[in-house]
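Each of the next two complexes has chain A plus one more chain, namely chain B in the first and chain C in the second.
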Partner chain A sequence: MHDLVALTALGGTTPRVDTVGPVTCSEVPDVALASVTARLGHEAATQDELARLIGTATPTAQRFAGDPVTAFWSGPDQWMIEAPIATHEDLAAHVKTAVGTVASVTEQTDAWARFDLRGDGVNAVLELLCQLDLRQFQSGHVARGAVHHIGCFILCRSADHVSLYGPRSSAGSLHHAVLAAMRSAH
Partner chain B sequence: MTQVNRLTGGQIDRDTTLKFYFDGRSFTAHPGDTLASALLANNVRLIGRSFKYHRPRGLLTAGSEEPNGMVELRAGARKEPNTRATTIEMYDGLIANSQNRWPSLRFDALAVNDLFSNFLSAGFYYKTFMWPAAFWEKLYEPIIRRAAGLGSLSMQADPDEYDKGFRHCDLLIIGAGPAGLMAALTAGRAGADVILADEDFTLGGRLNSETFSVGDHSAPDWTAQTVAELLAMPNVRLMPRTTVIGAFDHGIYGAVERTGDHLPSLPAGKPRQILWRIYTQKALLCAGATERPIAFENNDRPGIMTASALRTYANRFAVTASPRVAIFTSNDDGHRTADDLHAKGVKIAAVVDVREDAPLSYDYEVLKGAQVINTRGRLGLSFVEVALPDGSTRTLDCGALGVSGGWNPNVHLTCHQRGRPVWNEALAAFVPGENLPVGMSVAGSANGVMSTHGALRSGAEAAAAALDLTTQPDLPEAEDAPMALKPFWYVQGCKRAWVDQQNDVTVKDVKLSYQEGFRSVEHLKRYTTLGMATDQGKTSNITGLAIMAEVAGKSIPETGTTIFRPPYTPVPIGAFAGRMTGKDFHPTRLTPSHHWAKERGAVFVEAGNWLRAQWFPLPGETHWRDSVDREVRQTRASVGVCDCTTLGKIDVQGTDAAEFLNRVYANGFAKLAVGKTRYGLMLREDGMVMDDGTAARLAEDHFVVTTTTANAVSVYRHMEFVRQCLFPDMDVQLISTTDGWAQYAVAGPNSRKLLQKIVDPEFDISNEAFPFMACGKITVCGGLRARLFRISFSGELAFEIAVPSRYGDALMRRLMTEGKEFDVTPYGTEALSVMRIEKGHPVGNELNGTTTALNLGLGKMVSKKKDSVGSVLSEREALTAPDVLKLVGLKPVNPEEKITAGGHLMNIDGPVDATHDQGYVTSAAYSPNLNSHIGLGLLKRGDARMGEKMRLVSPLTELNVEVEIVSAHFVDPEGERLRA
Partner chain C sequence: MIINHPLLGPRDASEFTYLGDASLIDRPDGTAENAADAFYDYAYLRDNPAGEHRELWYHEAGDRSWLVVTRNTLTHEISKVELARDVARTRGRSK
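And now, the complex of A and B:
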């Protein structure tokens, strides 16, 4: 076991948590990610393998599914796999084993910073951050869009729980934008 | 003086008294007032001075169309010039000041301009200040700018915060008057997602200004009841204080919500305004109509305003501009104002109606077929002179005059995508044409439906039509009077009759424009400035057009029409910027070692969005060169570590990955062995160099491509283009992993020894087992997965090591601790640059979009054994001519002298001009190893001119340095060190 200390995307040793009014923004570092892209001609097989991996049907466009190993759609024949890091430290290898040669797998764990927004007023914050039609954005939906000029994934876990994934290097800017929106909305 | 002009009734909260200040004097007001109504209540008619002639001016309207009643609102950095008093919601402690006057509003020295008005007519400065040309910028312009103008800026940064946001709806209703409210009821009850936006702080539009009934209620009561019903609907969102400023493509509307302007101070973190982007399926414009004035002699005195404004002030705000009021009208609506004011106890001096058949009143005198021919009064209206049909004149004693020349539908948003309004003879006004923005329809008086009942009906019908509804709510009874007016634009024979009060444009100016040949509507606007500035001619455009039509002997539609651009009303720049201000202007990217580097006191530089450590000063180092020279020396002598995470990393996988790279790169990649890295050159389709970098083969079907920091995005985009468009049949997948891995260059003769201390022992990184250009997956520090590449940018024995980003900080600290015995140093981008110049490696300075592989001395890398992107076009004749530029090294003949990037190379003898240009310097640095300044440059036939002396010149900066042309590889030209 190595002895290096991990930092969160915001540079702390513990995840940052901020609450403004009814909304709490939490940094979520304990998640592993791997991207999966179907190889040419193996699109259907990739979906089959992913379904086995996540224990449910592979999500279609703009949807996510599976627990504790989750797949969220990230583009045509492309998904991001998400799992707790405590059990899936080397998620990419695990996924590669599952999909074999039908898909390409790339480790993405530290390419992204995740912030979870929870609370009654999440939508009031989101409408200041991204151009999603929140009337249509329901539990199980995922969208790719810009937040504060930063390309992000946005996952609706439930009506009062949203996950934002932004590039790890821009975590500070993204966090600042989210906090400013929280203070503005609540 | 406390609110002497207050009347009974109104929608103000008399139980609460607010204090406000105008020009330093304190006054009182009530919640529900605007600054305009509060000033009138306190008998203040004089509010500002006019743009050009500094004439005393007061309020013309009671709404956002106001051209005159503008103030500087608030103080200090929050001062906002040209703010319309008619739209400022009163709050306690409000501070406003009049503008464009000196030394005071009542005595303004520049009012002398008015005496010279004959010399200051339209176009005067185009003709007057022609000579001498040099005087324009230094003399004429400053004088004109001081004399003319409106409010002044605070010259300080705006301290308030602004937001941007996004909303979606089935139906956006713009304007909450009778048409808008009825439309919202119709759509809301049908379950549609509705946004109802109105610029006012009280919804209802003109319903708040009228005394007639709607159904069984007074107009304001019906409004309040309707608003309450809408508020209770979860599918309806009411947005008061929100101006829809523009209709954009695909049903997107811009709207500014003034969330904090009505508050004495903003709560922490709250925005002053929010710029909303509203995505709509359908939009319904219910923006109402604007009453237009009539132009007559001296029609700009404070106290003269539109008749409907007088009615609004009386009914909604319980204020009269004066206890004695006259009306000048061309239509029945003017009489309605007289009726309402009379009912409130205001003395009506007379109603002057241009129509011979005007209706009479039992309550006040009506002068039929009469016209107002002049006014008198110092700093405000005192008397009105009226010409009667029998040729006699009569003077009316009054402090306010309400003027009504008819109503212009507010068609502005229908024009934002070049829709042209059409002329309606019955209304003598333009109404929306056929060519509306996609998804927009128009209802109510904005569509020329001028009665209240008509507005209610058209609102309901338009909402139903927009949403394909089959049912509509029952319509309440309301007034349904026809529009009875005689088109009447200005009083004949007048000289100084104001058409556009904001720009001081008179009837005479419009005629002068015609006389001088500026006859198209667009020319009229530019020549006279009619319709420009903050009000965009909302009360003046049509009148100006009508005068032009009359002079030209044409009809108004033949003369033309102006259309309107966004924004509908002025928007602070801050609202457009939103949160993107100051250091948050763009997002930043931090490297994994950023926090550690900050602790070390690193000096950072912006590289795109990245913040990179430029150098790491140590105590005693007083100049940046001290630090950089030390970092270079220490690295070349022992070992240095540099964070190179910012280089783009693109994961390339698939069974065709190797062949794909073979086509993307100019040099061969198909046969690169697993576990090896290769330097690659990528060309654009036109054959110029796009980027360089390395590709490491981690498996048969897996590569990691690195790009330069600056080109990470464009290379990724290019590779996606090649994959999707040029070779869609290839099995290859691309994804960025730049942020996923913390990557550090470990360079210098002791780099291997340092790495051996952290790389787990089962991985042999000796020269034999892990030679130059090797790569592989390893573990470090007892099991952490990592990647190791033996590549060198510095020219030294060097590696790049990558670990998951969350461990980047810890790895850097570990390298520093373990490297102490080797006197390890971190180095920044400056030292990096010095070492790559010493080594002759090209970067962005050389890969500048104008260079080919041949220029860079890399011509042989463009393989002829295969086809690749850009390969054919790189052989174009001009790109391969014998005298093309070639990369060379430069040294000053005198080592004390400096090489300057950007300077040009000239022969020792001969002229110094563009014709004799031999090349230019791309990069320059001081080399602590060579104890000399050095540079890289592109020189014609450079490779054949080694040892030649040349002049490095910059005629602009008088640079002239003698330099020697040398090899670009200053350090270790044979590459022995990096293979050690």
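And now, the complex of A and C:
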């Protein structure tokens, strides 16, 4: 039982990397995630505690902030917290300690698969994948939307770097959709 | 059709699913004396206005929020979009 092999969301022992033209899609398995939802009547207190946790103001609607512990907005009074798994493997417990009783925390690490798109032609790929208004989709912006009927979080880290979070159980379908869009666009 | 989400701005109607009349927010008290009658009204009786209609929409392929959309059933014009939780709270729900 103690000789388990760590597999990525796509089933490999190393993260998958695909390059088509100027765009590279890479699987990013080394991220810990936890969701935070403010409890009724404690919305402002939750924002205060999150700000302390990430070291900067808690992100408002459609924004993300913080490094290396990042919070991104996922809905009204809800945030997802992401951090490197090497330093924050117990992220949910860490976040729960930070927010105490003002918010509810759920471990999300293995619920999601992350793919990072890098390169000059990222927007051309996103245009095919989702319905986002890409003129508004600037650095620091996060959106939740459908990519090939799969509900995803899409984070714009910079003009040529986008992170996609999709359900881990649909990682293969999402990866297929991203690759198809990359081949169509470039 | 475009629904102007109060937090996210204009989003395509294909991201939303429709539930029904916004009066579904006013769920009767199940422990009241007249609960059976109240639930009969709540479950089966609806107004069917030709004109302004308040309805519940769910942003399924988005931030998963429930919205109350005021839509004219004759012209399909959307005159108002609110977060359903705000509407429910102003009616004394979700305290």
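In this text, the second predicted complex is superposed on the first by the 183 of 186 C-alpha atoms of A that agree within 3 Å, B and C clash if a C-alpha of one lies under 4 Å from a C-alpha of the other, contacts with A are read in each partner's own complex, and residues count from 1 in each chain.
The criterion applied here is as follows: a contact is a pair of C-beta atoms (placed from the backbone, for glycine too) under 8 Å apart; a residue touches a chain by one contact, two chains touch by 3 or more.
On a predicted model such as this, the values are computed, not experimentally measured, just so you know.
Asker: Could you say whether A:61 touches chain B, chain C, both of them, or neither, answering first, second, both or neither?
Answerer: In the superposition, A:61 contacts chain C only.
Asker: Considering only touches as defined above, state whether A:151 meets chain B (first), chain C (second), both or neither.
Answerer: second
Asker: Who wins on chain A residues touched, chain B or chain C?
Answerer: B
Asker: Return first, second, both or neither, reflecting whether A:131 touches chain B, chain C, both chains, or no partner chain.
Answerer: both
Asker: Just checking: does A:40 make contact with chain B only, chain C only, both, or neither of them? Give me first, second, both or neither.
Answerer: After superposition on chain A, A:40 lies in contact with both partners, chain B and chain C.
Asker: Which positions of chain A sit in both the chain B and the chain C interface?
Answerer: 40, 131, 133
Asker: If you look only at chain A, which of its residues touch chain C in the complex?
Answerer: My answer: residues 40, 61-62, 74-76, 131, 133, 136, 143-146, 151.
Asker: Chain A touches which residues of chain C in the complex?
Answerer: Against chain A, the touching part of chain C is residues 7-9, 11-12, 14-15, 60-65, 83, 85, 94.
Asker: How about chain A: which of its residues touch chain B in the complex?
Answerer: Its residues touching chain B are 1-9, 11, 20, 29, 35, 37, 39-41, 90, 104-112, 127-128, 130-135, 148-150, 167-174, 176-177, 180-181, 183-184.
Asker: Enumerate the contact residues on chain B facing chain A in the complex.
Answerer: Answer in residue numbers: 161, 163-168, 193, 268-271, 274, 277, 279, 579-580, 584, 586-592, 594-595, 609-610, 645, 651, 653-656, 701-702, 729-733, 735-742, 779-785, 803-811, 814.
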